[in-house]
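In this document, chain identifiers A, B, C and D correspond to the written order of the chains, with residue numbering beginning at 1 in each.
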Amino acid sequence: MNRRPTIAEQLARQGISRRAFLKFCAATASLMALPPGMAPAIAEALGKIRRPSVIWLSFQECTGCTESLTRSHSPTVESLIFDMISLDYHHTLQAASGEAAEHAREEAMKEPGYLVLVDGSIPIKDGGIYSTIAGISNLQMLKDTVENAAAVVSIGTCAAFGGIPMANPNPTGAAGVQALMDQGLIARKPVINVPGCPPIPAVITGVLAHYLTFGAIPPLDALGRPLNFYGDSIHDRCYRRPFYDQGKFAKTFDDEGARKGWCLFELGCKGPTTHNACATTKWNDGTSFPIESGHGCIGCSEPNFWDAGSFYKALSAPADPLSFAAGAAVAGAAVGVGMSFMNRAKKSSAKAAHETATLKDLEK
Amino acid sequence: MSASLEKGVAVLKEMIDAPIASYFNSCVHCGLCAEACLFYTETGDPKYTPIHKLEPLRRIYEQEYTLLGKLAKMVGLSKPVTDNELEEWKELVYNSCTLCARCSLVCPVGNDIVYMVRKFREGMAVSGHAPEGLIGATTRAIEIGSPMGVKLPAVQAQMKHVHKDVGIEIPMDQEGAEYMVLLSSMEIMNFPEYLGAIAKIMKQAGKTWTLCSTAFEATNSGIQIGSSDLAKVIVNRIVEGAERLKVKTVISPECGHAYTALRWDGANLVGRPFSFKVLHILEVLDEFRAQGLLKTEGFEMDRMTFHDPCQLVRRGGVVQQPRNLMNMVAKDFVEMEDAGKYNWCCGGGGGVSANEDAEELRLQVFKIKKGQLEKTGAKTMVTACANCRIILEEGLEHYQMDIPVVGLTEMIAEHLAESKS
Amino acid sequence: MNEMELLNWVRGPGLNIAVAVFLLGTIWRLFEIYSLGRKQDLSAPRNAAGASGWHTVVRRSMPPPGMLKRSPVSYIGGYAFHIGLAIVVFLFAPHIVLIENLIGLSWPALPSQVVDLAAVVTMAAMVLVLVDRINKPVKRFLSTFEDYFTWAVTFLPVLTGYLAVQHLLLPYTTMLALHILSVEILLVVLPFTKLFHVFTLFASRWYNGNANAHKGVPV
Amino acid sequence: MSGLDNIPVNVEAPAMPFGSGNTGAILAELETSLQTLLTSGKEHSIDLRSLPLLPGELDYLRERLGKGEVQVDVNALGHSTVIETAIRGVWWVTHRNAIDNVMAEFLEVSFCPDIIRAQRDDVRESLETLAALLAGDNHS
């Protein structure tokens, strides 16, 4: 088996200058949301690490995550990323089909230490029959592939947390990769969750670049998300935050406040509870992000976002708080009126039974 | 549960009403009522916190009239009230509460604490937990007609004495008189000048008045001990007398509790509105003053201050009248701190003066009055309640202060313009 | 249960239950208390300026003469804590949205920096009154488990709310969930503890004022 | 684009005291960095995309910093521009990719940004290339 080239070697082979490499490293640092001073460290790391084999598995998904990645407006970086890895299996992107395709996956799995990328959730209800590829259930395929993997990157909210397939009532018993590991259904490997519906393309490439550059899992939050992209909430990084602090809110999507770009909290923006890089990295090559274009954050990078109440209801506004209110009021009135009848009866019977006090009563 | 306790609880069940329920539910244990109570401020003992004096009543309310209280009692979280506990509370409910109602004025959530103490005494009295002294006074009031055991012959003797003294015959049982004058035992026994003062004032004003042979005594121990049934017996004498003599107005003497018992409790005790008016003597005097029927001459030159009897000012609403009258005859009239409705009690109201067990504590808490008085530098103290007067005199003597205590009515009478009448 | 699930529970079923218990308890307790009624006063009334139940409802918010000096912590701490709590509860934008969702009423919010300050003042005042409760013999004597419990139940929503807004201690989502949960505990507990004074104090003041106004005493 | 411009949305750029507060912070950071550069020669750069800026704040920053004497175009993996600001020693570096999208944007504080300088390895390779070139010339 031929030795895989280091990334720097790979780039040099393509005739890329050191100056270009330096630019690449600076852009990569920015992409990974690392301080610019990290560029030399990146350059050094890229000189050492080898181009790993990557297997991309797609399960219950909409291909949105792949679309996002390929619509990345940093094709240079993207192409470099694909130069940096050996993408050995990807439904949508690979040329091979049928048995040849599956064969490619089996080949790649022969050398342990590959990276597994997953998009889509995995149905486990009824033996996992709700989604199969080449006659193999998603669960089985994931189980086999993960066995010898170095790490798993869950791309998108479905793979990370179950996403929309898992939304109530979850007919297929869909679950994310981490959940399957927690349930012991697949081997436990390091997992990086890159949620979002879809994730920001630059975040996908940034996370991969980080893993490849430093050969290690980046620091993660409690939900397994890289802190450099998911460490802050949208709200904290939002350019409209000053309006929130001043109490200036758009009340409808077409009022004065909306035109002036005021805070969308009252229109249901989930920015405060959503962790993602939208407010800084933005979308479409840094052009904009939902809040900048006038729509609140829907919280797509958080678990259960689909079932977390209306997208258009303020975060502090409850889902349906008064659903028992009428019943409770009636029950309260019933108890209260019941007590008042009892009390009045007790009081009047005490009055009726009143024995006029005499001097004798004073002496015990 | 003893029969007497059962009777007490039954009476409290009758007494507990929406205000009491509201008050207990509003209390946040802030302790501010303690700061308004002279028994706490002068002793520093937290057990004298007014709301704490009602602890057994609170439990009875909760256990009898709230669902959660019933449940708590059932599972043993809320202990039933016992005879021993009530006996323990006797000191708090009687000895260390003068029903002065200062606490009711400061409670930030608005609890009328004295209203509750008054009601709690109903249960305490019939379950046999009233103090001996008060039981004695009440027994005499019911059986003899006056808490100090004063009988009609004693009054008649005083009438003769006054007649000789001031030269005016004291009318008795005069039907159709405008005013029926009541006396308190203390006035009959200790301050006979009062009757003479009334005679002179009435003469100057040209008003008809009378005493009543069946209702000369105004004080009502039934109210103090907290028995409405017994208080009613006493009030009924006055109502019957006033109705028999067809008087327009009944004048309560210089006695705070006598006034509130008749003025505010009376109609509620007999269960119907009165056909006559009830006025305190100071109210009558101030009316006379306003109508020009009260003329005085000369002034007291010593510095004087006026002690507001709680039942007259805070519980009675008579605030401005004594000030008007003081200014008629006193050149150097100074107010004490907190004068008026925030005045501090002398320490002997609410039956405390009749309660020997409370004497030591009463003298201890008199310090507040002593301090107030010293600050004014007054040489004479004037008041309008015979009970306050006795207590003030005792207190001043105890603390070796040589300050005379005078009844306002008598002082006015002494300055009546003698000229024509 | 992850933080988002917790948040969803407290915003959904949790709040439903809390609001239901609160309504049930409040209506029940109000009936239970005020149906006891009171006797009509048959004595001839005396009228005086400024004496009425309503006057007392307002007047009792001010310290009577001399009382501020006797118990400064009760008054100053009490004012700071009640007013601060009112600012935080009713003038913080997210709370107004909540109220608007519940009952359809809305009003302008204060800048969040002002609300932050009010929250800090409120917490400081609450700590102060707690220390006073422990230190002052009368208050300590009167205090039962309920007094400390209700203090905690009132303090926690302010604390968790502040921590959530300031991103301290726990992630915002978790803290927000705990904040809402603590408010729910407060709602559930309120009708059955001394916290019910938020409703009864107005009636208590009125009863007291009314009874004394009958005697011509403005209390 | 012109179609979008017709939509009557006017995003208000808040007056400075109410802005994101980051432009002020950036200028302050530049000030300390320049000082460090003078005293210790240490270079510094600020990633403009890692900071949330209000619409218009980037332009505001550009306006405040002004334009200096040097403007360098670099063609490596796409087009990059290195522009010295009127604050000498502060360089506005914009990296674009092959299709001219901005990949990264930095404010660099240095006497001369690294990206302009020829790289040692490249120079070594160039030397070889030149040597080979000369050898070829000699042969012919």
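Just so we're on the same page, a contact is a pair of C-beta atoms (placed from the backbone, for glycine too) under 8 Å apart; a residue touches a chain by one contact, two chains touch by 3 or more.
Keep in mind it's a predicted model, so treat the numbers as computed, not measured.
Among the chains, the centre nearest to the mean of all shown protein C-alpha atoms is found for C.
Chain C and chain D, compared by their mean Cα positions, are separated by 57 Å. With centres taken as mean Cα positions, chain D sits 92 Å from chain B. Chain B and chain C have Cα centroids separated by 38 Å.
Each chain gets one centre point, the mean of its Cα atoms, and the points for chain A and chain C are 39 Å apart. Within chain D, not a single residue touches two or more of the remaining chains. Touching of two or more other chains is recorded for residues 28-29, 32, 35-37 of chain C.
Residue numbers of chain B whose C-beta contacts span two or more other chains: 16, 65-67.
Pairwise, the chains that touch each other are A-B, A-C, A-D, B-C. By the touch criterion given at the top, residues 16-20, 22-24, 26-27, 29-31, 33, 35-37, 73-77, 237-239, 241-243, 246, 259-261, 279-281, 285-286, 292, 294 of chain A touch chain D in their complex. Here chain A touches chain C in the complex through residues 221-223, 233, 235-236, 244-247, 249, 265-266, 272-273, 302-305, 307-309, 313-325, 327-329, 331-333, 335-337, 339-340, 343-344, 347, going by the rule given at the top.
By the touch criterion stated above, chain B contacts chain C in their complex at residues 16-23, 25-32, 34-36, 40-41, 44, 46-47, 49, 51-52, 65-68, 104-112, 115, 263-268, 271-274, 277-278, 313-317, 337-338, 341-342. Interface residues of chain C facing chain A in the complex, by the touch rule stated above, are 2-5, 7-8, 11-12, 15-17, 19-32, 35-37, 93-95, 97-98, 100-102, 108-113, 167, 171-173, 176. Against chain A, in their complex, chain D makes its touches with residues 8-12, 14, 18-21, 44-47, 49-55, 57, 74, 76-78, 80, 95, 97-99, 101-106, 114-115, 118-122.
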